[in-house]
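Here the chain labels run A, B and C in written order, and each chain numbers its own residues starting at 1.
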Amino acid sequence: MIVLLTDFGQSEYVGVMKGVIYSIDGDAKVVDLCHDISPQNVIEASWLLKNNYKYFPKGATFCCVVDPGVGTKRRALAVKTDNYYFVAPDNGLLWETLKQARIVDIRQIPVPENASRTFHGRDVFAKAAANINKGDFEDLREKVEKIEKLELYQQAGEGIVVRIDRFGNVITNLPASAPAPVFRQEDAGARRSSRPRQDKDKYSVEINDKKYTMNCYLNYDAAKDDELFLIEGSSNTLEISLKNGNANENLRAKSGDKIKIS
Amino acid sequence: MIVLLTDFGQSEYVGVMKGVIYSIDGDAKVVDLCHDISPQNVIEASWLLKNNYKYFPKGATFCCVVDPGVGTKRRALAVKTDNYYFVAPDNGLLWETLKQARIVDIRQIPVPENASRTFHGRDVFAKAAANINKGDFEDLREKVEKIEKLELYQQAGEGIVVRIDRFGNVITNLPASAPAPVFRQEDAGARRSSRPRQDKDKYSVEINDKKYTMNCYLNYDAAKDDELFLIEGSSNTLEISLKNGNANENLRAKSGDKIKIS
Amino acid sequence: MIVLLTDFGQSEYVGVMKGVIYSIDGDAKVVDLCHDISPQNVIEASWLLKNNYKYFPKGATFCCVVDPGVGTKRRALAVKTDNYYFVAPDNGLLWETLKQARIVDIRQIPVPENASRTFHGRDVFAKAAANINKGDFEDLREKVEKIEKLELYQQAGEGIVVRIDRFGNVITNLPASAPAPVFRQEDAGARRSSRPRQDKDKYSVEINDKKYTMNCYLNYDAAKDDELFLIEGSSNTLEISLKNGNANENLRAKSGDKIKIS
């Protein structure tokens, strides 16, 4: 199985990558993880991959193309871990995912002479993914020792926006179980020991030089209309939401923006 | 075959649901019916499902996730009809579809203790759809007698907007064959006895406190540029269109808005 | 394999076409080439098909639906070439692609009496594609001698915008290897003899009654921020780009607009 993750949106670029894959292996199974990564936003891609690869069957090959450096000398990587394969430009996209996995081997994917200088998704990564998926990882001869590092910034109560989803939820990388005042210990009897308590307590949220005071709820339904609130999202981090509305129409945040919650 | 219908747009949420399905059944066939349901718009999802499920092969399992009540006590349903399976939150989404079908059985899908409170598409519905598609419907033990009702409002000449499509067509649930003055009986000799006649007669359209006068045409080409007009859409209901343009840029309608045509 | 190319965007119309295909042939392999063709923009569809069909496996059937004339007497075509099949309305969409291929046969697809007058994607083209993909091309009895012509305008240094991609790149049909001053002969020693040279020379770009002076770069990284520049795109034509930005937010071009580069 080949899983695609790109910032190509609804462009034909995704379709062409599939054409390339099927031309190499007519029996390949290709799945779209996501293509609406914000253009060139490696942070967002890194977050999405890190949190979601584990929902796919073992043995899957992830083909990740968010590649502002296309056409330069940046390397193209193929990584084998204990359970998956990953193909991506060497720009940090894979860093957070590989921190969680056991790396077996990293190889460099050669860029053909006649590759386009703007579309390695088609000319480099789709081909590599198709071949790896067929079992040809070992054909990549050049070993790689060190790859680009991209840590998603996070320390006590401070983190970053990592994704705006379709509903306008502002997703952060701040664990819902961490910063003390948000996650009351007296809530320990709840379904998860560290879940935020649904209460009237206010939390302070700082983002883009503005301060907000927000409640934290257990589900969307508990919030009032027109009220920005905190909630534990599906990757167990804090999100800012607006019930039956779009939180980010107010906040205007982008993936990569710093955020502080206390 | 599993058919997905959600309001997840281009988000990764759709991709993750597929990962979950393939992890349960690597041979599953998964098809996207539509993911750009307006956020939380159960009416729109209800309309789309009702009109389109019948175009899919018998035996298909529809996995429908438009779920503003996620994380509350609303039930998760699995329905077996004579020809299809349906999985959805119990919020009325399935009502109109099930009115047309012969219901064989309705069961409740249990929500696991550790399910996210914001994403049952991944933790409840995708899993259930994969298992049902594998033949395990009977494993759901808890029978359901009564489900939430959601009728799409319609009476003589009055109905609702049920969908805005990509072209800006404002789709209503008013049958093109019904309200008398729009659908001339003298047209009975045409290809369908009750088709609207292409003529210069004007029809009165009331929507969002505004009144319009519109012609009704047999195809887009017959209309003039810059003219809002009525046409019979592909689900045999009336739509408001603008030739080579976007009707809803003028009308600013939303699914659920009342509309009156006479 | 059936490859879909439409202007249906994220609408349910694509999903329904797949339902129709799978109802005819449950084993069909269906791939999305692209669905975000600008509404009714046959030029854009023509360009995308022409440049991308060759990336798909031989034998594929392309089902192309950009069809402003739906419901009129315009014909529905099925074309067999030496390597592929194509299904589309007879509105010029296939012209540029067929200029490159060896046409074996062109047949007319009959429109059923009860076909919708707004959605032949479902009622005509998806069905035809499914049947052709199953090997039933010869069942189409009516031969077609002449089809609609649609040339993508291009002469020395003058051409048209053929596509705006997800990144806001303004893609033209002007070959990157053609107009003399842009493509220096002294660059002949480079990877491709006619590649544009990365240099400080300025080129004149005329579009929508405005004139710009732009550099031409070998890759995105070489450009400065906030600088509109020319680059050779992945179909070997000139594109206007903005590094880490959206060129078309400035240019406001549409597919079909004339452009002059010297």
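Just so it is clear, contacts are C-beta pairs under 8 Å (C-beta built on N, C-alpha and C of every residue); 3 or more make two chains touch, one makes a residue touch a chain.
Quick caveat: nothing in here was measured; it's all calculated off a predicted structure.
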Chain C and chain B are one sequence twice: same or different residues at the contact, by the over-half rule?
different
Expressed in ° and rounded to a multiple of 5, what is the rotation angle of the C-alpha superposition of chain A on chain B?
120
Chain centre separation (chain B, chain C; CA means) in Å:
31
Which residue numbers or ranges of chain C touch two or more of the other chains?
9-10
In their shared complex, at which residues does chain A touch chain B?
1, 3, 9-10, 29, 31-36, 48, 52, 55-57, 165-167, 191-192, 218-221, 231-234, 236, 239, 244, 246
For the complex, which residues does chain C have touching chain B?
7-16, 18-20, 22-23, 26, 39-40, 68-72, 113-114, 116-119, 122-123
